[in-house]
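What follows is a set of structures to go through.
The same subunit A turns up in both complexes below, where it pairs with subunit B and then with subunit C.
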Partner chain A sequence: MTFIVFRRLTTIAALVTFALPTCRLAAQSAQLSAKLPRETALEVTRLIDSARALSLPTDPLVGVALEGANRHASAERIVRAVRQYIGALHSARDVLGDGALDAEVVSGAGAVLAGVNTSVLRELRAARPKEPLTVPLVVLADLVARGVPLDTASRAVYVAARARARDADFTLLRRFIEQDISAGASPAAATSLRLRNVPGVTPEDLQTQLPVTVPRRPNP
Partner chain B sequence: MSDPRGDPLARRAAEVLRREQTDERAIERVMAALRERANGDAPEDVDVDHVTPSVAEPAIPAAGRFSLTTWPALAAAAVIFAIGLGVGAAFLAPRETRAINADGATREAAPVSEAANAAGGQSQLVEFVLVAPRAARVSLVGEFNGWDASATPMRHAERGDGTWSVSVPLGAGRHVYAFVIDNSTWVPDPQAPLAPEQWYGERNSVVVVSGGPRS
Partner chain C sequence: MTRVTKAWSFAVATLVVATAPSSGAQVTRPYFDVQPMGVAAPTTASASLGLGSGLFWQTSRSAAWLRGSAELFGSSLAARTFDGELRSALRQLGPLDLGVDSRAQLDVPREGGRYGLVASNLRLGTRSPNYGLRVGAGALAARVPGYAILAPSAQIGGWFRWLGVSASGDFAMSSRPGIGTIDTVVARIMPDTGILVHTDSGDQRVFNGPQTQWIPVKLRQSQRLVFNEARFALGARFYGVLVDGTGGLLFSENRGTRAHAMLTATRWITPRVAVTAGAGQRVIDPIGGLTQRSLVFGLRLAPQRVSSGVVDAPNAAASQLTVSRLGDHVRLSLRIPGARHVEIAGDFTEWNPVTLSQERGDTWAVSVPLAPGVYRLNVRVDDGAWMPPPGVSRTVDAYEGTVGVLVVS
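Here is the complex of A and B:
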C-alpha cells in the first residue's frame, strides 16, 4: 500500500515538474503571439529559443518584447532590443560564470548595457565570491545612469564590495548619492563622499584602485 | 417467519452482502443478526450499519479504475512538491529572502503564502507607491504583468494626499517596472534605482527580490 502511494506520488510530482517548464514556454509564446504581429512574434520567439539553448534567462527577453509592444515600438526596434539584450546577457554570463544566479546575470547585463566593462564584473565577482552581486550591479548601473562617471562608479562599488558591504549598505549608498545629486552635487563628488560612510570602508580602502583600467569616457 | 423482501433488516443485509469484497467477519455478523431476528431475539430497529462496520476497503484499487483515493494522493503530491520547491530553494540559496528596494520607506516587502512561484523561487509581496496628486488613474506595468497597463491598477489613498499604491507578489530576481499615469504617461519610480537599458527611449525602474534560480 505504502509503495503504491509512494509510486503514485512520485509519478505525479514528476509530471508536475516536467509540466511546469512546458506550461511556461507555452505561456511565453502565447503572450508574444497575442501582443506582437505574427512575423515579429516568430522572430522574437526564435531569438528567445536561441537564448534558452545557451541557458540564458528568457523572462527578461519576453519582457523587453512585450514592453515594446505596449509602448507601440516598431517591430524592427523590438527585434533589435531582444537581440542586443541577448548579447549583453551572454557577456554577463560568460564573466560571472555558469553558477551565477539568473538575477546576477540580468543585473550584469544591465551594467554592461550601461557601459560597464565586463572586466569590472569579473573583479566584482572576485571581490564578492560568495554573496550575490545582484544589488551591487543594480546600484552600479543606477549610478552610471545618474551621471556618475563609469570609472568612479565602478571603483566605488568595487571598494564597497571588497569591504564586505551588505546589500542594505549598497542600497543606502545609492539612495544617499541620489539625494546629493538631486540637491545639486556633482555625481562624482557625491559618490566619493558617500563611499566614506559605507560600513567597513577604511581610509586605506578609499585609496584602492580597480585592478582593471576603466576608460574615462562619458557615460553612454 | 415473515417475507424477507419486506423485512428492512434483511433488505439491508442483502445489500451489504451484494457489495464487492465484503469481508468474512462482516458476513458472519450479518448472518448472526438475521438468525437472532428469526429467533425473535433482535429488536425491530437493529442498525445494520453497526452490525456490518467492516466492509473492507479494497487495499489496491482495481486496475484502470480512478478511485477516490487518487484525489488525496494528488493533493498530497502537490503539497509535497510545493514544500520540496521551498526547501530546495532555501537550500540552494541560503540567503536572506527579502525585497531590496531603493527606499524601504516606500516599498515594504513581506513573505506571502505562496511557497514558490513558477520560476522556483520564493515570492515576496512588494508594495509600490507613487505620489501623483493630479492623476486620475495610475497603474503599475512591468515584466511581471506583461507591461499591460490595464493589468495592475493602483489604489488611491483615502487620505487624499495623492498617494497611489498596490502590492504585487514577485518572485526572486531583478524586476523592471514603471508607472503609467492616466493611461498615457510612463514614468519611472522616483525612489527606485534606474534600469540602465532604455530600449524604447524612456527609463524604467528596478526592484530586486533576493534569492532565485541559478543559470
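Here is the complex of A and C:
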C-alpha cells in the first residue's frame, strides 16, 4: 500500500516537474507568436531556449521582444535586443554568482545594458554579500539613465552598499537625486550631495574609491 | 483692410501618414505626425480642391505644430496658407515656470501680396496641478501687402483642468502708433462665387468671376495699428471621443470685433487609426481679419494615439506611483489631476496597453497579478507619449528609449 502511494506521488511529482516548464514554454511561445512575425518569433524562441539552457531567467526576454513589438521595432532590432539582453543576463549571472536571485540577475543585466562595468557588480556583491542587490542595481541603472556619469554613479552605490544602506535608503537616495536634477542641479553634483545624507555613510566613506577603475566613457 | 465672406469650404483630410523613429514612440524623443489632407469647396458653380499637410511634434517639454495648405480652384492655385505654433518650457524659477510661446501665420493669395504674422512671447506662469496663470511679453511682426510693422506685445492668460476637461485662454495685446499709409491691400478672390468685400472706409463691393482685385485703402499717417486678440481652447473626452475646441475674438480699431471658433472631434477606432470631423470658422489672416467657414473630415493613421494638444497647458503632473499588495495582486495607483485617460503597459501586460480605472478624485488605479520580481513598465496620459511612471526607477532599454523599472517584493 505504502509502495503504491509512493509510486503515485513520484509520478505526480515527475509530471509536475516536466509539465510546468512545458506549459510555460508553450505560453511564452504563444505570446511571441501573437505579437511577432512568424520568423521573428521562431528566432526569439530559439534564443530564449538557449537562455533557458543556461538557467537564465526567460520572462524578461519575452518582455523585451514584446516591448519591441509594441514600439514597432524591426524584426532585426528585436532579435538583436533579445541577444544583447541574454548577453547581459549571462554576464550578470557570472559576476553575481550561481546563487544569485533571478531578480538580482535581471537588475544586474539592466545595469550592464546601461553601461555599468561587470567589475562594479562584482565589487557590489563583495560589499553586500548577504543581502540582495536588486534595489541597488536598479538604482545604479536609474542614475546612469538620468545622466549621472558612470564612475560617479558606480562609486555612490558602492559607498552606500559598503555603509550597509538598506533598500529603502537606496530608494530615497534615488528619489532625492531625481528631485535635485529636476530642479536644475547637475546629475553628478546631485549624486555627490545626496550621498552624504545616506544613513551610515561617514565623511571617510565619501573618500572611498572603487577598487576597480570605471572607464570614463559617456553614458549610453 | 479687407474681409471676404460667403466662402464655404469643405476640408477633407484624406490621409494622415505618421512617422516616428524606427523604434516607435519613445519617451524622451520627439515624435512626428504628418497629415496630408485634401480640401474640397463646393460653390454655386464649381468645386475647389486643395492639398495640405500638417506636422505635429512633441517632447515632454515642448509641443509644436505646423500646417500648410494650397487651395486649387479649377486648375489654378488660389491661395497658400501656412500656420504654426511652438510652445516650450525653458526652466523652472522657484514656483514659476519660464517658457516661450511663438506662432506664425502666412496667407499667400494667388492675386499677390502676403498677409503674415509672427508673434513670440516670453512667458512666466504659476505651477500647480489643476490651474495656472501666466503673463508674457514679446514682439509681434505683421505684414500686409506693401507694409510691414514690428510692435511690442503683451499677453495674459491661464489654464485649468477639472473633471477631465482642460481649457486655456489668453488675451494678447499689441499696439503701435503712426504706422503710416498702406497703399494697397488685396482681396482674396473666390472664382464663380459671390464675394463680399469690406473696406475700412465702409464700402462694400461684390465681385463675380475669376478676377484679380486690388483694392486701395488709405490709412491716415497718424493711425494706430491695434491688434488685440483673445484665444480660447478646450479639450475633453466624451464616451471615447476626443473633442477639441478653439476659438477667439479679434479686436481692431478699424474693423471692430470678429469672432471665430472651430470644433473638432477625434475617435480612435484602433490604436493607430482615428477618424476626425470638425466644423467652424478658422482664421486665415489674423491681421486682415480674414476668416473662412470650413468643415473638416479626416482619417488619421499614426504610430500611437496622440492628442491634438490645442489646449495651452503644461502636461498633467502625476503623483508618485503607489504600489500596494492585495493578496496575489498588486495595486498600482497614480494621482493625475485633470487626466482623461491613463494607460499602462509593461512586462506583466505583455506590453499591451491596459486602461486604468478612475477612482475617487483624480486617482487612477489598476490591479494586476504580480509575483515578486523586477518588471519594466511605462504609462501614458491622455494619449500622450509613453513614459516611465513618476516615482519609479528608470533605465535605458534596448530600443533607445527609457522604461520604468518596478521592483515588487
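Methods note: the second predicted complex is superposed on the first by the 202 of 220 C-alpha atoms of A that agree within 3 Å, B and C clash if a C-alpha of one lies under 4 Å from a C-alpha of the other, contacts with A are read in each partner's own complex, and residues count from 1 in each chain.
Basically, contacts are C-beta pairs under 8 Å (C-beta built on N, C-alpha and C of every residue); 3 or more make two chains touch, one makes a residue touch a chain.
For clarity, every value in this text was computed on a predicted model and none was experimentally measured.
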Superposition on subunit A - do subunit B and subunit C clash or fit: clash
Partner chain(s) touched by A:139 [first = subunit B, second = subunit C, both, neither]: both
Partner chain in contact with A:183 - subunit B first, subunit C second, else both or neither: second
Subunit B versus subunit C as contact partner of A:110, first or second or both or neither: both
Superposed model, subunit A: greater residue contact from subunit B or subunit C: B
Contacts of A:98 with subunit B and subunit C, given as first, second, both or neither: first
Partner chain(s) touched by A:26 [first = subunit B, second = subunit C, both, neither]: neither
Partner chain in contact with A:126 - subunit B first, subunit C second, else both or neither: neither
Subunit B versus subunit C as contact partner of A:42, first or second or both or neither: neither
Common interface residues of subunit A - those touching subunit B in one complex and subunit C in the other: 31, 35, 59-60, 62-64, 66-71, 73, 77, 81, 84-85, 102-103, 106-107, 110, 113-114, 134-135, 138-139, 141-142, 144-146, 174-175
Residue ranges of subunit A in contact with subunit B within the complex: 1, 4-5, 8-9, 12-13, 16-17, 20, 23-24, 31, 35, 55-57, 59-60, 62-64, 66-71, 73, 77, 81, 84-85, 93, 98-103, 105-107, 110-111, 113-114, 131-132, 134-135, 138-139, 141-142, 144-146, 167-168, 171, 174-175, 178
Contact footprint of subunit A on subunit C as seen in their complex: 20, 22-26, 91-92, 303, 345-347, 350-352, 372-376, 391, 393-399, 401-403, 405, 407
Residues on subunit B engaged by subunit A in the complex (per definition of touch): 59-60, 70, 73-74, 76-78, 80-81, 84, 93, 95, 100-104, 118-119, 141-143, 146-149, 172-174, 176, 186, 193-197, 199-200, 202-204, 206, 208, 210, 212-215
Touching residues (chain side subunit A, partner subunit C) in the complex: 31, 35, 59-60, 62-64, 66-74, 77, 80-81, 84-85, 102-103, 106-107, 110, 113-114, 134-135, 138-139, 141-142, 144-146, 174-175, 182-184, 220
